[in-house]
Amino acid sequence: MTDNATTAETRQDRFDRGMRVLTEIDGEVGQKVIDSLADVSPELGHQVVAWAFGDIYQRPGLPPRDRQLVTLGMLTALGGCEPQLDVHINASLNVGLTPEEIIEALLHSAVYCGMPRALNATAVAKKVFADRGLLPVKTQP
Amino acid sequence: MTDNATTAETRQDRFDRGMRVLTEIDGEVGQKVIDSLADVSPELGHQVVAWAFGDIYQRPGLPPRDRQLVTLGMLTALGGCEPQLDVHINASLNVGLTPEEIIEALLHSAVYCGMPRALNATAVAKKVFADRGLLPVKTQP
Amino acid sequence: MTDNATTAETRQDRFDRGMRVLTEIDGEVGQKVIDSLADVSPELGHQVVAWAFGDIYQRPGLPPRDRQLVTLGMLTALGGCEPQLDVHINASLNVGLTPEEIIEALLHSAVYCGMPRALNATAVAKKVFADRGLLPVKTQP
Amino acid sequence: MTDNATTAETRQDRFDRGMRVLTEIDGEVGQKVIDSLADVSPELGHQVVAWAFGDIYQRPGLPPRDRQLVTLGMLTALGGCEPQLDVHINASLNVGLTPEEIIEALLHSAVYCGMPRALNATAVAKKVFADRGLLPVKTQP
Amino acid sequence: MTDNATTAETRQDRFDRGMRVLTEIDGEVGQKVIDSLADVSPELGHQVVAWAFGDIYQRPGLPPRDRQLVTLGMLTALGGCEPQLDVHINASLNVGLTPEEIIEALLHSAVYCGMPRALNATAVAKKVFADRGLLPVKTQP
Amino acid sequence: MTDNATTAETRQDRFDRGMRVLTEIDGEVGQKVIDSLADVSPELGHQVVAWAFGDIYQRPGLPPRDRQLVTLGMLTALGGCEPQLDVHINASLNVGLTPEEIIEALLHSAVYCGMPRALNATAVAKKVFADRGLLPVKTQP
């Protein structure tokens, strides 16, 4: 962690730090989200990078793979977050979750969120996996 | 109810039992949902059929028409469940709810879920009714 | 329906009409909700009575029992509506739903809303049934 | 306020009163929502106009600009209300909120609703602003 | 705004800046939230202060009164946020919203979130107003 | 996995299988939930055990620790699930998540669900940790 009580950082320093984390996890997809905000809410783009990634994601207390598991659970439960599920199912693959584990996590969500949320999230996963040539997913019965 | 303490069933038995209930209620639409899961999460497809329909829907304590009324309320309230509302507004018609009753249930939802949820669900109903040649719906003022 | 294009009604007329419907469905419980609003938001109390009950509940397109089924589904799905579930599980009993049917509807909600929402709603039902001496509920396995 | 205890109004009077308020705030967009309901749920259209606008929006206790701020917060938090956000971001501009203020409100929503809801609402704002030639939005860093 | 690209700040600087904003808006209540987190999640307490208040609340694009209107809308819509509504109804009074305006905003929420959310938020407002000797609220019919 | 296409199981077999998984994960707490349902909805108790634990939790595709991470995310995002968070924060400790990891997951939730959901879930964690003598939690700044 570099964001500590003794290191002084500018706004730009914090953004740069976050962008390094974002690029590691999301690749180009994260950059596209930021770019799409440039003419409407650059500050929201800044906060996604500098705060969400620079302050929270970069903390060592939970590795990237675990953070994506929590995130898949949250985005599925919230509902209406298909664009974010797209980004984070890609991110989940990037940080080492397998398609089988992602699908198992979304199956697990049926218990807590009900079938509609599980089905909608799985539909996004299908699209992401198709784009990356990962279908069919081989899960055990 | 066949799923009782004394009858032993295989995984396939439970699936078959559920598929009979699903087909009665949803016709072909249910099958399409299952098919779309075949290459990404066949187990989720299995659970929708074997558990949701085979274990829960088939219980005699509430007739299919009443189950769809509860379901319409839930899907409207959850939000972001337009694909499931499409399936279940069709199912509601299949089990004997009239377009007028469905529309009245969605109007009623405005009281509990607010106007946006009621409007979004009604937009799905309009599409389903149009596909089945059921417009205009004749409701009393 | 008395709220039509040709009958002129005062604000008080609409309130009185709603209060008759509210009393039929909720008994004293509805009145308590209205009373609790008297010193903080009498207009919200007015709208619950005059609009929700006077305009919507009183419509003939869906009988009171069916409206409560839809309402149980919505309140379970919304979450955090335990006080309203208390009122409406009582109302459901008042309009002719049996404890077995209410419990079956809440079991059905597990499919669409997940186990936590189903469990929380069932806990409210248990309290209401206990207060009215309706435990144990005899459901079939 | 004309909806008081002493003035008798017909159903049509209430509708007309609401339509005046709706047109002031939403311009033609509100009318389109009503029109789209004509063949499927004219009563929902009536209630949006007569109740939401005729009874609630027209109350003097909170000016139109303040009502839109509350509404932007609610629609963002609910999720899955992109069609309603489109209507109400337009309405917000109509009643005097600037693009900068709208964007600031949506940035503020990240604190309470999380990044996905803030991002989805901002995407709707971008589309509305583009349609009205209001991009780029100039916010301070 | 002091959080700009050219001023370097330590983690403590950002916290101090946020605490000044938090104290202005919430008085002692904010400090209590931070204190309650000290032994379980001091970092969450830090982020509430340094990010939510230091980065977002302090921005000049929307005055504190407007931010509370948006916040009341969001917390009402989210549901299950009674503890936060307590804090923010107090905050709303602190930044100049009157009890009448707060109640009007919560009445307005019935249109978008439905009656249960409006009723639950109003119950919190009643408790806050009672604690501060502000009952009865005088709203126009 | 024993629930396969070739093994025939009775309802009781499936329950027993689920109860073994439930006891491993939740210890006595799970049993208490089942007991509390015995006189109101024994079938819901059966389904929590036989389906949620016997069919879903026991699948080998995601280890118990990972399932709890996903579950913490979902319960935090849903809101109003404090009783279930209590059970599952206990379960998380039982399957090997440390207090520091749980707290980090809840901090992470602020990004996706907003501060109120993160604060409410953290308040439940504080209570669970206090009961188990695990306070203070030592997280890095």
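Per-chain numbering from 1; labels A, B, C, D, E and F assigned in written order.
Note that a contact is a pair of C-beta atoms (placed from the backbone, for glycine too) under 8 Å apart; a residue touches a chain by one contact, two chains touch by 3 or more.
Quantities reported herein were computed from a predicted structural model and do not represent experimental measurements.
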Inset, instruction - Determine the set of chains touching chain B that also touch chain C. - result: A, D, E, F
Legend entry - Farthest chain relative to chain D (centres taken as mean CA coordinates): F
Legend entry - Centre-to-centre distance between chain F and chain B (centres being mean Cα positions), rounded to whole Å: 28
Legend entry - Gap in Å, rounded to a whole number, between the CA centres of chain D and chain B: 31
Legend entry - Cα-centroid distance, chain D relative to chain F, in whole angstrom: 40
Inset, instruction - Mind pulling the residue numbers of chain C that touch at least two other chains? - result: 4-5, 11, 43, 47, 51-52, 56, 59, 75, 78-80, 84, 103, 107, 110-117, 139-141
Inset, instruction - For this assembly, give the contact graph shape among line, ring, star, complete and other. - result: complete
Legend entry - In the complex with chain C, residue positions of chain D that touch it: 3-13, 43, 47, 51, 55-56, 59
Legend entry - chain C partner contacts - residues on chain E that touch it in the complex: 79-80, 103, 106-107, 110, 114-120, 122-123, 125-126, 129, 135-137, 139-141
Inset, instruction - Write out the stretch or stretches of chain A touching chain D in their complex. - result: 11, 33, 36-44, 46-48, 52, 75, 78-81, 83-84
Legend entry - Residues of chain D touching chain E in the complex: 1, 4-5, 51-52, 56-57, 59-62, 66-67, 69-78, 84, 100-101, 103-105, 107-113, 139-141
Legend entry - Residues of chain F defined as touching chain D within the complex: 110-117
